[in-house]
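Here chain A shows up in two complexes: once beside chain B, once beside chain C.
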Partner chain A sequence: MERFITKENLIRLAEELSATCRVLAPVASCGTVTFRRFLPGMVLDLHSRMAAVSPKAATFPQTETLLTVKREIPEKKPEITETLPEGKSVVIGCRPCGARGKLIFNPVYETDKTKDPYYIQRRDNTVFISLACDRPETTCFCHSVGSGPADPDGSDVLLTLVGEGYVARSVTPAGEDVLKSALFTDAGDKGKEADAKNAKAREMMGEAHDYVSAPAKLLARFDDMDFWAAQSAKCISCGACTYMCPTCYCFNITDDDLGLESRRIRTWDNCMSHTFTLEGSGHNPRPTKAHRLKNRVGHKFSYYPDLHGGVMACCGCGRCIKQCPAGIDIRQIVKAAQEYSE
Partner chain B sequence: MSQLDDLKNAIKSHLGELECVIGWEQGYDPLHATPLFIRTEADLDRLTIGPLAVHNLATYLTGFKGKKIGVVVKGCDSKSVIQLLNENLIKRDEVVIFGLCCDGVVSQRKIRAALPADPGFVESVEIGASDLKITVAGQAATLKLSDVLADKCLVCATPDAIISDVLIGTAHTPTPPASLACQDEFEAKSDAEKLAFWQENMSRCIRCYACRNACPMCVCRDYCIATSRDPLWLSQDNSPAENMMFQMVHVSHLAGRCTECGECERACPVDIPLMLLRRYMNKQVKDVFELQAGTALEQTPPLLTFKVEEERINERGW
Partner chain C sequence: MNANPYLPDMATIVEVIQETHNIKTFRIVINNEERMAAFTFRPGQVGQLSVFGVGESTFVINSSPTRKDYLQFSVMRVGEVTTRLHQLQPGDQIGVRAPLGNSFPVEDLKGKNIVFVGGGIGMAPLRTLFTYMLDNRKDYGDITLLYGARSPADLTYKAELPEWTERKDVNTVLTIDNPFDGWEHKVGLIPNVLLEINPSPKNTVAITCGPPIMIKFTLQALKKLGFEDENILTTLEKRMKCGVGICGRCNIGTKYVCMDGPVFTYAQLKELPSEL
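Here is the complex of A and B:
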């Protein structure tokens, strides 16, 4: 389905939806833009810049309570309550890469053997209304990982800015339902204009980098710790890259014990941290930042694609490059492995 | 010869005796520099200095224990080197210091606010003596360097490296203002306003620990109490209260040690103004202990010493 919505009506749509759903949208606060719960009266910042943090939290919150434990008397059997996520969510104004990021989760969190009910429930109850990009940023490389500035994969509705509003195209039945709102009007011949804008944005991205050889080339460098030491020299081992990333899905589970009541929480883990894969014995198979960066790059561009039909575990949003305090460019690391000659 | 050529020559003459020399090169776009680890003369070709070379490279020094390395420092960064030496965290004979006489570095945040379009779309940057010509999304803009300098540069009393083996450039005579407008403005807020301010800011914190890891004085690294499981001091929950708790721990651990290099705030991907906390703490330390971290060799942070009675705290006279 193809419809049209004015800029004002998109804000109205966000306001209307916020009455019944949790709406997440890019909102400016103290000079930065992040996805946060949108409430009527807040100012949406859809166009000035890419939100610093991706919309990942919509389907995979940074902190999620898995269960609560309550004990009235210490000797009595504790009361355990599972806390599956409730309610519907809508993400408005993410870029296509941000919506696509969650597709990387699917082969991991929903398999024949394992199903993650928390993730699946959130994913199935969240609608993504994405906004196609006008032009690439210096850190964008979505076109090199099988996506593009107007990629509909992972989105339910794809908006393209045309004049004073957006051409809105549904991608899924859930997206079609959104477009039934009276705030949308007939798109007329604006669809062609949207196509032209999308094609122009893709053209501006230039030639895509070919990552086909990356999985094998990175694996060939697996034992070459000199290579990884050089690549990770400037890494400061923080977790900004993984936390910004729409596709990083590792988590930790810890218990917050509050006397007779406690809760088991799941939080984002991060392979740049010393505690990642730290075993109970004290042994860590990834003891240095070189090992950790190898894990991050290897996972995204080698191990994951090897397991899942060549799909890179990266949506090319470039947040890890742009927000790295040391300016590490993951594209350069993969390229260095691809171009490495013995 | 230019300052850059002087620096290159100085590094070249020491390169043979060193594991590497840490400097800067152009990063992923013309508006960003990135640390450069110089191991060969060929690497030297990529070396850059100037207002985009923001990173405090002293952060890397403790990672090279037992190896002799070189580091390029601005005045502010040299204070971190002094503080690391004061605390015995690095050895003087294991580091060759290439000091710069610095004219200030930019704040990417201020550049972002001053440009007509987001710097994510930057196309080219020309650095003049006192301005930056930046073309972003097809629009050219000229920004006065003085308008986009990092806050720390506005009150800098040490633009020239105060410790160095080689000092490059022409010395400055700094006359910094006594206070920083944004700090005064923050401190004038009521307690309720301050609480609201931090609740808003801490609601964005994602506890990525970039602030901690970018800090040259945060030397616990892998053994930080924020991420230790045993003992478990801090919840991993990223609620504003827990996030603030982490920042309070962070700022307390830096009392008397923070050299105000501003790396914590610069590294924060969600723009939390962490230096407001640091500067406030440093002010207390200066008032009580008459100490400014990193300004003199042979001084020890007050919290790393033990005295039965502090000279300036009247413990028995209450």
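Here is the complex of A and C:
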């Protein structure tokens, strides 16, 4: 289905949806743009720049409670309660890369053996209304990982800015339901204009990099610690790359003790941290930042594609490059491994 | 396992055995009688024990599935969860998520000679399989158990050692690193004693677990003795959280120790990136 919605009506749509759903939208805040829970009266910032933090939290919150436990006295008669997520969410105005990021989670969080009910329920109850990019940034490389500035995969509705509004195309049945709102009107021949804008944005990105050889080349470099020491020299192990990434899905599980109650919580974790793999015995399989960086890059461009049909665990949004305080560029690391010859 | 893989079963500690100054063995029973009766696992599989308000940690189920009265876990006190576990008494409640991971290939091992090489707390996963084989003794050929620790005080399962050393159908060899007054068994590092015992690799599978450094030199000794990579099994310890192949903490390349392991052959380990 193809419809049209004015900029004003998109805000009205966000306001209407916020009455019944949790709406996440990019909002300018303290000099940056970030996804926030949208409430009527808030000002959306859809166009100034890509939100610094991805919309990952919509389906995989930074912190969520898995269980609560009540007990009479410590270690006596504990009662466990599952706290599965409730309600529906809508993400408005994320870039296609941010919406597509969650697709990387699917073959990990839902397999024949394992079904993560927290992720699955959030994913199935969240609608993504994405906005096609018309001005890709220098850090963007979605086109190199099988995507593009108007990629509909992962979105339910894809908006393209045309004049004073957006051409809105449904991608899924849930997206089609959104377009049934009276706030949308007939798109007329604006669809052609949208196609032209999307094609132009893709052209602006230039030639895509070929990552086909990356999985094998990265493995071939695995034991070359000089290579990894050089690549990680500037890294300060802050983990910004993992926290900003729409496709990083590693987590920690810890207990939050509240006296005679406790919560078991899941939080985003950071494979660039020394403690990520530190074992109780004191042994650490990834003792240096070089070991940790090679695992992170290896996971995204080698292990994951080897396990999941060649798909890279990266949506090419470039947040890890843009937000890295040390200026590390993951594209350059993979390229260096691909170009390396003995 | 529950449909929700993060939801533990409540269990009661029924017995606590002080093994060494920093290792205790816990015998637990799942509170739900039906779930306890239906609980099955294979030797080598692990479980997550919860102390609510403190957290979860992974331990191997070191009882044998042939003995179904309880599930047994041996816990070395090294961190927050294990310290709290060590304070618990019979009757206290904990959570358990199990069984997790793969297991020793007990069917494929039938008819073969077995050499167990265990070091310190690394005896725990071997105990499961060793006990299983004792309970199915006729299915297996010669069984040798080489078990070592730093000192006599560091040996676990002391209550069972007399039975293991006295049984005629098992060759049990105990060793400690340095001489100790009254010690009547071997003295020497495990890999050296292994070479001294000199087991034949013919139709024999070696199964080892212990500290990483011990495993490293044991593997070298086994190769020196002529064992094929496919006939050497080990179980790996990794820091694990989810236990179901998601949280991304225990991977070695494409393999997840909590799902693809903890049991690996040496041949499989050699195929993995060197990140043990």
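As a working rule, the second predicted complex is superposed on the first by the 338 of 342 C-alpha atoms of A that agree within 3 Å, B and C clash if a C-alpha of one lies under 4 Å from a C-alpha of the other, contacts with A are read in each partner's own complex, and residues count from 1 in each chain.
Assume a contact is a pair of C-beta atoms (placed from the backbone, for glycine too) under 8 Å apart; a residue touches a chain by one contact, two chains touch by 3 or more.
Small disclaimer: the values here were computed from a predicted structure and weren't measured.
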First (chain B), second (chain C), both or neither touched by A:P96: neither
Contacts of A:K322 with chain B and chain C, given as first, second, both or neither: first
Chain B versus chain C as contact partner of A:T254, first or second or both or neither: both
A:P246 touches, of chain B and chain C: first, second, both or neither? neither
Contacts of A:L307 with chain B and chain C, given as first, second, both or neither: second
Chain B versus chain C as contact partner of A:K77, first or second or both or neither: second
Partner chain(s) touched by A:R264 [first = chain B, second = chain C, both, neither]: second
First (chain B), second (chain C), both or neither touched by A:V53: first
Chain B versus chain C as contact partner of A:C30, first or second or both or neither: first
Common interface positions of chain A, toward chain B and toward chain C: 252, 254, 278
Contact footprint of chain A on chain B as seen in their complex: 20, 27-29, 32-35, 37, 55, 59-60, 109, 112-113, 118, 120-122, 137, 200-201, 203-204, 206-210, 212-214, 221-223, 227-229, 232, 235-239, 263, 266-267, 269-273
Sites on chain C touched by chain A in the complex: 3-8, 10, 50-57, 76, 78-79, 82, 88, 92-95, 211-212, 237-239, 241-242, 244-254, 259, 273-276
Complex contact set, residues of chain A against chain C: 66-67, 69, 71, 74-78, 80, 82, 84, 108-109, 111, 113-118, 219, 222-223, 249-255, 257-258, 262, 264, 266, 269, 271, 276-283, 285-286, 291, 295, 298-299, 302-303, 306-307
Residues of chain A touching chain B in the complex: 29-32, 34, 36, 48-50, 52-53, 62-63, 135, 137-139, 230, 233-234, 236-240, 242-244, 252, 254, 256, 265, 267-268, 270, 273-275, 278, 321-323, 325-329
